[in-house]
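Let me begin by presenting the structure, written as structure tokens, before commenting on it.
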Amino acid sequence: MAAPGPSQEPEPREHYLNASYGIRSWLLTKDHKRIALLFLASITFFFFIGGLFALMIRLELMTPPGDLFTSATYNRLFTMHGVIMVFFFLIPSIPAVLGNFLVPMMIGARDLAFPRLNLLSWYIYSIGGLFTMAVVLTGGVDTGWTFYTPYSSTYSNSQVALTVVGVFITGFSSILTGLNFIITIHKMRAPGLTWFRLPLFIWAHYSTSIIMVLGTPVVAIALLLVGLERLLHIGIFDPRLGGDPILFQHLFWFYSHPAVYIMILPAMGVISEVITCFAHKRLFGYNFVAAAAVAIAVLGFLVWGHHMFVSGQSMYAGMIFSFLSFLVAVPSAIKVFNWTATLYKGQIVYSTPMLYAFGFIGLFTMGGLTGLFLATLGVNIHVHDTYFIIAHFHYIMVGGAVMAYLGGIHFWWPKISGKLYPEGWGRLAALIVFIGFNLTFFPQFILGYLGMPRRYHAYPDEFVVLNVMSTAGATILGVGYLLPLVYLIWSMRYGKSAGSNPWNAKGLEWQTTSPPSTENFPITPVVTEEAYNYVPEPIGHG
Amino acid sequence: MSHHVIPRRVYFVIAALLMLLLAATAWVAELDLGRLSVVAALGIALVKALLVILYFMEVRYSSRLSWIVAGAGFFWLLILIALTMSDVLTRTAVTLPAE
Amino acid sequence: MAESATATALAHQFDDLEQQREAGYLGMWTFLVTEILFFGGIFTGYTAYRALYPEAFAIGSHHLDYWLGTINTAVLILSSLTMALAVHASQLGRRRSLIGFLAATMTLGTAFLVVKWFEYAHKFEIGWIPGPDFAYRGPHAPQVELFVSFYFALTGMHALHMVVGLGILAVLLVQARRGRFSSEYHSPVVVSGLYWHFVDIVWIFLYPLLYLIGAHH
Amino acid sequence: MFPFPTFPEAASSIASSIDLLYLFLVGISLLMSALIFLCIFYFAIKYRRGSRADRSGIRHHSLAIELVWSGIPLLSFLVMFFWGAWLFYDAYTPPDDALQIYVVGKQWMWKIQHPEGRREINQLHVPVGQSIKLTMTSEDVIHDFFIPAFRVKKDVLPSRYTSLWFRATKTGSYHLFCAQYCGTNHSAMIGQVVVMEPAEYQMWLAGGPPAESMAQAGAKLFERYNCNTCHVGGGRGPLLADLFGSTVALENGQIVVVDEAYVRESILLSAAKVVAGYQPIMPAFQGQISETGVLQLIAYIQSLGGDSDSAQP
């Protein structure tokens, strides 16, 4: 149904992909679109490395005793999984790939404000990535991605310093990306493109950039202090001196909680674009959805202490943080309701990106609702540090952010590559990912309430059935992720020509050729209408 | 930023003020003000920082946006310190200040 | 505006020099915001521990060299003045005074680092270095060691920023000598000036927080 | 219904109230997600492209609707917050009549000592129906004492005391887990909580190798470290009788309660908070007395009298 046919329109003779050739033309490019593709390649690499670790974790957990790996190895597996997935895949995923590609195009600009910084951002990311790969190859790190002191600063015998340096460096990549987006969105919008005509993808990236710029430096300094404590005995968190390990947790979560919003806000932006396009309708409550993005970015900074309810943080602070955590749930709820309302009286097409968007809303809703359990103080005591929390944040980060990332990649693939992906395979993969995901992570909610702690290499026998289910789901999920890799690469060569606007979508990025020229637009576009100004089509058409 | 060029005199006046305030900081530290000495020291430092930001960094002559950006940095720092201290200071309710 | 100068100075993604200038200015401010929070992380730790261990922090502070700290503060304020004058010169397109003030700023910055060097050397001499060999054995020794950790973390991070700042100024100096800057194009000087002043502001807070706890003498 | 457990056993006084709140949240969640999912399915089918459904009168915004669907969740969130905060307060505020047991965590075992002196490792024996307060500390990294069947959990920190309390309601044996990742054998830092009838518990306490009570052990340490030269007469240090739980004034004018944390700090970092009128001449015992030893000294000082109930953070 409604899969776009091959375009009659001829492909542009010159575009950003063939404007120049050779490895130098890529490694020294200042074109935001090429840098986006550099990021796409790098984060895909890290995604599958991180995924491999996940698969090994699940294989170990098929049986209660720790029989496949030693506990030291197992601890390294889950730590590397977390570090790579959080810092090297999820945080850069949508902003550095789709954001880099689309932010200038959506606002009618020729490039980001600071193209050289943008390239630098990729190099910094890559250097951080090399450090992390060096860690993987020299024995790994076993602190958990949270690096809690004093284990990380004093007791661990693994590559903590190297990892911390890698993450520290990568943080600057994130800061530079955020900085670039903020300035670009402020200063380089096309004539007529006022703030309330911006696509929500832009609002989402603006909010995300705020978090990147304000949060990242704090985790950077916290990790640097851990590194200094290990190497130079600058013992700021050392309990033997009266140092406070909980202080590290404050500094760590000041960034790392908002970091979840770095992952989910751009995902929400993608969903707003996809839903309006495939419901062929303006977004319901545009102003509220835009304001909700900013509200999430700001309120998201006030809730970090909900990671520390049982940590020895004061009861009083716990109550403040719990209360604020409930407040940040409101804008998220607003977004879900508005997306649902957008479907009402739309003209809905079940394309692959739309299937991912449906999946996103479902999984994000479940992730968000279980977040309420964790914000609720009394219940948090029991489920804290159990598989309940693992399930919850995978529903947000994988069910939410990764679903949206895949949806976005499919949605803009015609623009990025100039080719259509095979629609049938796309829908199949979306379905497999959805089923595999739920089978993997839903049982973990039950496991968590039963009391199975996280980061356990071996576990009591009564938890085995649910763990086997989870492992089975993970293999299905793995297949679901490999499929797009195969058919998207296939389509680059054999896909049908897409034409500039295969989805009949609104938005400036669809007004230029696919793939676009290096300068994006032949002449600077002028905007005269609101975002998503879809006109209902006559009934019976199509 | 604007094309506004500040007269050189302003820079010298500000620098002189900063030196005076430096002397004031050192002088206040000599007084035994108890808890107030922290407040005084930080208050003077804040005034010095504001002078640098407004005149040397020319924020006073810049767009509203740069006010917001500069303010956001300090505001977020305040959030970080305030909420962290909400834990640190209330962790054990046993230490009472002297009346 | 000279047509050729504009063409070389304007990057392709911008419409005009004004847009480019504002982007650079805001970009640096945004970067400084990240710097505020970077130092802010250590300041938060400092605040927490000073509230918990006021006596130890006072002892630690008394052992720092009050006069060196004060002199260095004055040196940095002066360097901010010369930096502001350098920016002023660049705005008016006065190349020679731009070069002069940049050189003066670098001299003052270097003077600051030299003083810092002597201060650090003295700490190493008397063994006030965090770690198993921490020399102080008096009351509150562990918490005094915490204070010294903060001293090194904060001043070290600040000194590192000074070194970076000197590097930036060196590049500006070379470019200024080659005549890169004019009254139309001088954003790099303005933007680097912002950075330099920021580093000065950090020290303005470090000075009372590290050197002036409790009454002296 | 299922060939595997789906709900944990509830064996403490607060377990059922936490379960009730949990089920309330499950109910709300089911309701909310059912509402959203049904809407999505219904709209996606009814308004699929090309369907003949009526699409007249499309609206793109409505302040009233926005206020309703932000207001109703906000109200229900407030209910969750207050209910949760109330339970949290209960779960972390031990009753006055609680029996003290001391826990020291180290990589990777739980060392437990009962006041009467019996020690155990990775096992905790408690009487049913009696409130138990655990005073916990760690010798190395952060651990976490977690008993799923009791729905209680608290991090165990180095150089600090945290506490946890519960009242078991059912005899039996329950899992004890370390829930805060603590290094290589984290998943082996597990054990059993054995809940017994009070009489059995008394027998169990009396059984095992003959042991001195914690206070007696503390008294021996008190002598071995020559604490008595200053703290028993002599006037160089404060007298310790009837001290525990009372308040003392410090040199700097602060008033502190003499509780576990204060005694611990005064032993290990003796100069930190010196009582007004005394010189900071006491040596710091950090690195010389084990955490267990400190707990025994505390038990000894408690045994010298004083209002031991009032002192607990």
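Note that the chains take the letters A, B, C and D in the order they are written out, and that residue 1 is the start of every chain.
Here, contacts are C-beta pairs under 8 Å (C-beta built on N, C-alpha and C of every residue); 3 or more make two chains touch, one makes a residue touch a chain.
Note that the coordinates shown come from a computational prediction; the quantities given were computed from them, not determined experimentally.
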Selected pair, greater C-beta contact count between B-C and C-D:
B-C
Most remote chain w.r.t. Chain C, using mean C-alpha positions, is D
Closest chain to the protein's overall Cα mean, using per-chain Cα means, please.
A
From the C-alpha centre of chain C to that of chain D, how far is it in Å?
45
When centres are defined as mean Cα positions, the distance from chain B to chain C in whole Å is 16
Between chain B and chain D, what is the separation of their C-alpha centroids in Å?
41
Whole-Å distance, C-alpha centre of chain A to that of chain C, is 35
Hey, what residues on chain C touch two or more of the other chains?
22, 26, 30, 33-34, 37, 40-41, 44, 48, 52-53, 142-143
Give me the residue numbers in chain D that touch at least two other chains, ranges are fine.
252, 269, 272, 286
If I count partner chains per residue in chain B, which residues reach a count of at least 2?
65, 72-73, 76, 80, 84, 88, 91-92
Can you name the residues of chain A that touch chain D in the complex?
1-2, 66, 71-72, 75, 142-144, 146, 148, 150-151, 154-156, 239-240, 242, 245-246, 279-288, 309-312, 315, 318-319, 322-323, 326-327, 329-330, 333-334, 336-338, 340-341, 343-350, 358, 361-362, 365-366, 369-370, 372-373, 375-382, 384-386, 446, 449-451, 453-460, 462, 464-466, 536, 539-542
Chain A touches which residues of chain C in the complex?
11-15, 19, 22-23, 26-27, 30-31, 33-35, 37-42, 44-45, 48-49, 52-53, 56, 129-132, 142-143, 145-146, 149-150, 152-153
Residue set of chain C touching chain B in the complex reads 21-22, 25-26, 29-30, 32-34, 36-37, 40-41, 43-44, 47-48, 51-52, 70, 73-74, 77-78, 80-81, 83-85, 88, 91-92, 190, 193-194, 197-198, 200-201, 204-205, 207-209, 212-217
So, in the complex, the side of chain A touching chain B is made of residues 186, 214, 218, 244, 246-247, 250-251, 254, 301-302, 304-305, 308, 312-317, 320-321
Residue numbers on chain B that touch chain C, as the complex places them:
1, 5-6, 8, 11-12, 14-15, 18-19, 22, 25-26, 29-32, 37-38, 41-42, 44-45, 48-49, 52-53, 55-57, 62-63, 65-66, 69-70, 72-74, 76-77, 80-81, 84-85, 88-89
